[in-house]
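Below are structures written as C-alpha cells.
Common to both upcoming complexes is chain A, partnered first by chain B, then by chain C.
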Partner chain A sequence: MEEHNPSTAATFAAQVRSVPGGEHLDLCYSCGTCVSKCLIQQKLEPEYNPRRLLHMVMMDMREDAYQSPTTWLCSACDLCYPACPQQIHISSLIGAVKTLAVQDGHVSPLETVQVDETLCSGCAICVMSCPYEAPHLINKEVNGVMDRFSEVDASKCMGCGICVAACPMGAIARPGVANADILAQMKIKKRKDVPSLVVFICDWSLRADEDVALLETFPANVRVIHIPCSGRIDPQLALYALAGGIDGVLVCGCQPGECHFKRGNYVSQCKISLLDQMLGQMETAQGRVRFIQLGTQERGRIRLEVEGMLHDLAPLREVR
Partner chain B sequence: MAKKTTAKPRLAFYWAASCGGCEITITELGMRLVELSEKVDIVFWPAAMDFKYADVEAMPDQHIDYCFFNGAIRNSENEHIAHLLRQKSKTLISFGSCSHLGGIPGLANLFDVETLLERVFDDIPSLDDSRGTRPKQFNKVPEGVIEIPKLYERVKTLAQTIEVDYFMPGCPPVVDQVWKVMQTILAGELPARGSVIGANPKTNCDECERKKGESGQRIKEFHRPHEVALDPEKCFNTQGVICCGPATRAGCGLPCVKANMPCRGCYGAPDGVLDQGAKLISAIAALVDTSEPEKIKEILAKVADPVGLGYRFGLANSFLNDLKYKK
Partner chain C sequence: MVDAARHPKIKIKTYTNVERVEGYVGNFKVQLREKSRFVIRERCNGCGDCVKVCPIDVPNYFEMNLAPHKAIYVAMSQSVPLTYTIDMDACIHCYKCVDACGALEAIDFSQQDKVGWEDIGSIIVATGFNHFDPTPMTEYGYGQYPNVITAMEMERLNNSAGPTTGNLIRPSDGQNPKSVAIINCVGSRDKRYNPWCSNFCCMYAIKNAVLLKQMNPEIDLTIYYMDIRTPGKGYEEFYDRAREMGIRFIQGRPSLITEDADTHHLHVHSEDIALGKVVEHQYDMVMLNQAGVPQPDVDTVSSVLNITQSQGGWFMEYHPKLRPIDTPTDGIFLAGACQGLKDIPASVTSGSAAASRASRILHSDQWEIEPSVALVWPDRCISAQGKQCGLCAKACPYGAINVEVGSAAEVIPAKCHGCGGCVAECPYNAITQKHYTDAQILAQIRALLAEKPEEKIFAFRCHWCSYGGADLAGTSHFEYSANERGIRVMCSARMDSDFIYEAYRLGAGAVLYSGCHPQDCHYITGQQVGATRAERLTKIFEKLGMTSGRFRVEWISAAEGDKYARIINEMQKVINSMPREQLLREIETLRPQMEQRSRRMYDTPQINEAVTYSDKMAAILTHKEVPSGRA
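Moving on to the complex of A and B:
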C-alpha cells in the first residue's frame, strides 16, 4: 500500500471526476450495497470490491486502484446500479478509473479476443455487435496489400465472445471458446436407450454453488459446454450437433436485464428465435433446440430443465 | 492434374435441374469462345450443339478431360447422366450454385413432392385444373409407352450424387471467373482436387466498398429491399436490409451490390463456415437493437422467410437439409 499523500490527493480523484462517468465519485458513502449485488465478487474474484475501489480513488491511491481487479473485471452489467442508495452509476465510475489506467499504460489482465487477419473480411459485424465498442476497423498493409481489418482494443474487450459467434468468417477467437474448442467438446458417445443432450451454459447464469456443482454430476449422455455468455452461441454449432445425431441442444443464459455482458442474452434470444423459425419452416427438429433464461432466484431450476428436456426428447427420438 | 499432351483438351458442358443461366454465362464469353474453341474440343454440349446421350455412351471411359456440370439432381435422368458423365470424365467440375449447393431448385426441399405437385398442377390460379393432370412416369399413347424421368423426393447436389473434383460457385458463375478458370485449365494449374475454383477465399464484404457499420449501430427495424429507398453508399445491413454478403464467398465482383441490391448468397459459404444460413443468422441476430428488450420480438417478426434468406441457394447442402432427410 502506498502512503496517502495529501498533496496529490486531489489530483487522482479530480482526474477521475473529470472523465465522463467519474463525476459521481463523491456521492459514495461506502455502504457496500454494490458489493452485495456483484456477481464477480461472488463467483469469480473475492477481492473484487467497487466500494473499496472508489475509496482508493478518493484517497489518491492511484497505483493500488490500477492494480485492483475491480478496475478490470467490471463488465458493466449494472446489477448494482438500481441497488445503490446514492444512485451512483458505479460501472461508469469504474470505467473512468480504467480509462485512466489504460492512459497510464496499464493492460487488461483479461483473456481477450484475437482477430485472424488472414480470415477477417472487414465486414464490421463485430464492430456493431460488441457491447463494449472494443473492435473497430483499420486499414493496414498485410503481405504488401492494403486491406481493411477489424482490430480489437484489448483494454475494452471483456471476452464475452459475442463477436466470436457473430463473426461470419470465424476470424475471431478467444482461447478456450473458439469454434474448434467447442466442436471438440461435442463428441458424445450416443446410446440407444437415452437421448443425448448438449447443454451450453453461460458461466454467469448459475448463481448457486449447488447448481454449478450439479453440472459435474450429469450422466455421460449430457454434455455440458461452458461458454462465457449465451451470446457466444452460434446456431451453426447447434445444427452441427443435431445433424451429428445429438438429440437436443439446451442453451442457458441469464434472465432479461441480468446479462453479465449487457446484451448477450438478448442476442442469443434473437438467434434461437430465428433458428426456431427455420426449423419450423423446414418441419424438422422442432423442439430440439431450447433457450432458457435463468433468474437470480431460480436455484435448482437447471436440474429440472435438463431433466425436462431429456424427458421431452425421448419420444422425439422414436420418430427419427 | 492435367497432363500436358499434344491433343487439345476435350470439354463437355451439361445441364441438369437448372434454369439455363449457367449455359448463358458460357455463351457470354462471346468472342473468347472462338479463342477457346481453337484450344479445346467441345465433345458434348446439349444446350448449344447437337449431341445425343448415345454419343456420350459411345465414348471410352475418361474420354472427356473437363466436364462442366451445372444443375441440381432432381430426377432420374439428372442422376443417370451424372453417373454417366462421371464415368466418361477425367475431371468433373460442379458448375454453378444448383450443382454446387442445390441452388434455387434446392428450396423445393422445404416441401414434400406431393405438396409441390398440388401447388403446380392444382393450385396455381393461372392454370386450368379441370383435367386433373399429373405427370406420370409411364404414359400410354397410341404409339406405345412414353417414359419420362422419375421425380425424386428431394433435390440433391452433384456431390451428394457422385464424386466431384472441383466446385465453381455462382448463380451463375460470373463470366470473368469462367474465363479465368478456362485459362487455369489450359495452363494446367488447377489447385488440389476438392477445391472451390473461380472464387476468392474471403467474404463479399472484403471487396465491398460501402460504408461499414460503427460501434453501437444496431438494427431497429428490418426491411425488405423493395420497402425502403436504399442508400447506395452504406452497408445494407446497417440500413436494416439483410445482405448475405457477410456469409458469402467473394469472387462475383458484386454485381448485385453495385446495382443497389443486397447479396443473396449464391457463391455459398467461404471455407471454414459449416453452414451458410445458420452463420448468417448468427451474424445478423447479433446486430439487432436490444436496448428495448420488449421490442425484440417485433423487430424479429419482420425477418420474412429466414430459410429463403439464409439458404436461397444452399438449402440442399445445409445441416437443415441433413436433419430433414437423414442419410
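Moving on to the complex of A and C:
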C-alpha cells in the first residue's frame, strides 16, 4: 500500500479536483450508498468500491487509484448519483481519475470491441451508436488507397456491444459475445408439446441473487443467454433464432434510466418493438419477440415474465 | 402539566392561534384566536360519555393514523385541559353527543371563534419540530411496502398506551416481527432533502433498539448508520450497553430496500463498510429513523412575531454561542427545537433558560435599551407629505420603524438597536441616530482630512468587527501605513454614501468601506444593507473613472488584525503607484461630481454648525505649534 505522503499532499487530489467532474471530491463522507447501489461489486469484481476510490484520491494515493478496478469498470450508469446523499456525481469523479490515469499511460484492463478493417466501410454508424464516444473515424492508406475506417479508443470502450449490434457490415466484434458465440448457444432440442424460447438476459437487470439463481432452473425448452447489455441484441440474432424453429425470443433489459451502459435498453427496446411490428406485417404472427424492462427494486418478476411468454407463445405455434 | 393548569398565575390556551403581535419588550399586545371546540370548556368535565355514542371514526393523528378517534375527541387521554373537541369536518350532526352530555350541557354547536387581545410582557416561542416524511425516498419504499414504518409509528406501536397496547406487530400480517432493521439518517445529512444532522436520532435509534430488545430478547435487531454520534453524558455508555445486549450495528447507508411480494419480508441492500462489501440482509420489519424538520407554518410564526429564520427554517437566535435563547427582537425568546434540533435534556435546559430570561423582564420596572437609537425629524419625512417611501423600514432588521403614508415614520425606541441603517438609507436625511448624527460624523471626517487629504487612507469601520480588527492590528503590532485615518460607526449599514462622497470631495486619497463578514453582523442584516450600498458605490466610482483600488470594500472580523493591516498596506501601494500629479488631477476632476452628490446633506439640521466647528478645529490643528524639544 502506498503511504500518505504529506510532501506530495494535494497534488493528486488537486489534479482530480481540477478535471471537470472532479470538483465535488471533498463532499464524500464515506456512507457507502454508492457501493451498495452499484451492481459491479456484486456481479463482476469484489474489489470494486467507489467510496474507497474517492478516499484514495483524497489521500493522494495516485498509484493505488490507478490500479484500482473502480477506475476502469465504472460505466457511468449513474444509478448511484440520485442515491448519493451528498449529490456527488460519482461517475464524473471516477471519469476524472480515469482521464488522469490514461494521461499517465495506463491502459484499460477491460475486454473491448475490435474492428475488422477488411469489413469496415467507414459508415460511422458505430460512432453514433456508442454511449462512450469510443469509436472514431481515421484515414488510413491500405494498398495505396486512402480510406476511412473506424477505430476504437480502448480507454473509452466499456465493452457493452451496442456498436456490435449496430454495425451493418458485422465488422465489429466483442470477444466472448461475438455473433458466433451467441448462435452456438441457441441450439435447443425442440419439443412438440411445449414452445421453445430464447431468453436474452442483460447481466445487470437482475439484482436479487435468488433471481439470478432462478435462471438455472428453467426447463430445457427455455434457453437463457447472458449478454453484457440488451443493446447488444441485433434483430438479426432474433430472426436467426426464429428461422431455426425457435418459437419466441424474450429480451430482458433494464428499466428506463437504469441501463448499465447509459442507453442500451432504449436502443434495444426500439429495435425489438420494430422487429415485432415487421413480423406482424410479414403475416408471421406478432408477439414472437418481446422486450421487457426489469427494475432493480423488483424481485421474482423474471419467472412470471418467462412463464407468461411461454403461455402466450402456445397459440402462435399453429401459425407457422 | 396538571400543576401548571391549576396554578393561579398560569393560563393555558390550547387550540388557540396567535394572530398578531404588536408592541415591544414588556408591552406586547397579542391577538389570540381561540378556535371553537363546540364544547364549553368550563362545563366539560372530561367524562367521555360523548365519545361512546359518536358514530364517526376519524384517523387519529396522535397515533400516527394507526388507530381511529371519534369525531368528538381529545388528542390524547393526558390532554390538559381535558376538554373535548368536535372535528366539524367529520361530524354528521346526529347530536347523539348532546344527548349523552345531558344535564352538563357542555356541547354547543353554535360556538364561534373567540378573538381577543392580551397584554403580554415577554414571549417564549416553543413551537418544536416536525418529522420528515420519507415517502419521496422511493428507494426505501415507505408507503409502498407495508412493513417499512417510520420512527414515530414505531413509537406508537411499542407504547403501552398505543393502538396495540405495546404489542409490536407487522402491519402486513399482524405477526410479531422476529427481526427489525433500523435505518438512521433518513432524510437528514442528505443534500437532496435536509443537509443537517438531526442531533437526537442516533440515541433515539439505540433507545428504541434497547427497548425492543428488553420487551422481546429473542428479536434480532440491526441498526444501519453512517456515524454513531453520542456526544452527551452517559450516551456512549448507553451505546456500549446496546452492543452488549446483542444489537448489531452495520456501518453503511442502505441504498435500496426490496420486498418479497409473497411474504412481505424486506431485503436491505447496503455496503458493510467494516467488511468493505455489499450485503443484503432480510428483515421482517424496517424502521426509518426520520430527520427532524421545521414546523410547516414557521413562515407564518416568523412574520407574526417578526423573528427571522436561519438556514433551513429554524428560528434565528441573537448569537449562536453567546445569546442562543434570545431572538433579535427584545422580549421574545426561543425554547427547544424550534431554534434547532435538540434532544430532551437540551430542550429542557433551553426551556428553563428561556423562562429565566423572560422573567427578568417581568420582574423589572424599567428596561435598559441601546443608547444610540434612531430619531425621525417629522417635518423632513417624505411620508408625512403623503408620498410612498418606506426605505427606512425596509432597512431596519428589527421591524422597529412603522411607516404609514400620510404621517411621518415612527421609530419605536424599545425595538431599535441602533445600527443606523435607516439613517443612511433615508434619501431626505430625515432620520438621525443619537451619538452618531450626520453632523458628528461629518465633523470627524473633516477634521481627519484637514491636512494633506490626498495622502490619507480614510477607513470607515463598524463597531463590532472591523474596528476590532483595526484595534487588534494595533495591539498585535502589525505594521501598517501611518496614513490611515479611521472613524467608527455602529454598523456598515450606517456608512452613508454622503460620507464617502464627502471624503472624496475633501480630497481623500483612498477610502475603505469595512464591516463584518455577512454571517457575523451584530445587527442581523445590517451588513447586507451596507454591502448593497457599497456595491452600488463601487459601480458609480468605476463609471466616474476612479482608479480601481482607491475605493475598497472589505469584510474584516475582529480577529483579523493581520487582514486589516494587509488591506491598508495594499491601499497605500495603490496610492504610491500613482504619480502625485495624476492623483491630484483625478481628485480635482471628480470633485464637482462628489460635490453634486453630497449636496443634499448640507440641508440636514446641525450640519452647518458642525462644518464651522470642524473647520475651526482643523485650523487650530494645522497651525498648532510643535513644542520645541519634542520635534
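In this section, the second predicted complex is superposed on the first by the 317 of 320 C-alpha atoms of A that agree within 3 Å, B and C clash if a C-alpha of one lies under 4 Å from a C-alpha of the other, contacts with A are read in each partner's own complex, and residues count from 1 in each chain.
The working rule: a residue touches a chain if its C-beta (ideal position, glycine included) is under 8 Å from a C-beta of that chain, and two chains touch if they have at least 3 such contacts.
What you are looking at is a predicted structure, and each value in this text was computed from that prediction instead of being measured.
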Item to complete: Specify the outcome, clash or fit, for chain B and chain C once both structures are aligned onto chain A.
Response: fit
Fill in: Superposed model, chain A: greater residue contact from chain B or chain C
B
Item to complete: Once the structures are superposed on A, label A:P109 by its partner contacts, choosing first (chain B), second (chain C), both or neither.
Response: neither
Worksheet item: Looking at the overlay, does A:G257 come into contact with chain B only (first), chain C only (second), both, or neither?
Response: first
Fill in: Partner chain in contact with A:G176 - chain B first, chain C second, else both or neither
neither
Worksheet item: Which holds for A:G287: it touches chain B only (first), chain C only (second), both, or neither?
Response: neither
Worksheet item: Of the partners chain B and chain C, which touch A:C34 in the superposed model: first, second, both, neither?
Response: second
Practice prompt. Treating the CA centre of chain A as the corner point, state the angle out to chain B and chain C, nearest 10°.
Written response: 130
Worksheet entry | Partner chain in contact with A:L242 - chain B first, chain C second, else both or neither | first
Worksheet item: How far apart, in Å, are the nearest Cα atoms of chain B and chain C after the overlay?
Response: 20
Worksheet, complete the sentence: Overlap of chain B and chain C contacts on chain A, residues none
Response to the item:
chain C residues touching chain A in their complex are 139, 141, 185, 189-192, 226-227, 251-256, 258-261, 267, 269-273, 276-280
Worksheet, complete the sentence: chain B residues touching chain A in their complex are 109-110, 202-206, 212-218, 235, 237-238, 245-247, 250, 270, 272-275, 277-288, 290, 293, 296-297, 300, 303, 305-307, 310, 318-324, 326
Discussion item. Quick check on the complex: what are the chain A residues that touch chain C?
Written reply: 29-37, 41-42, 46, 49, 51-52, 80, 82-83, 85-87, 207-209, 296-300
Response to the item:
Per the touch rule above, chain A residues touching chain B in the complex are 119-125, 127-130, 133, 135-137, 147-148, 162-163, 165-170, 231, 234-236, 238-240, 242-243, 256-257, 263, 266-267, 269-271, 273-275, 277-279, 281-285, 320
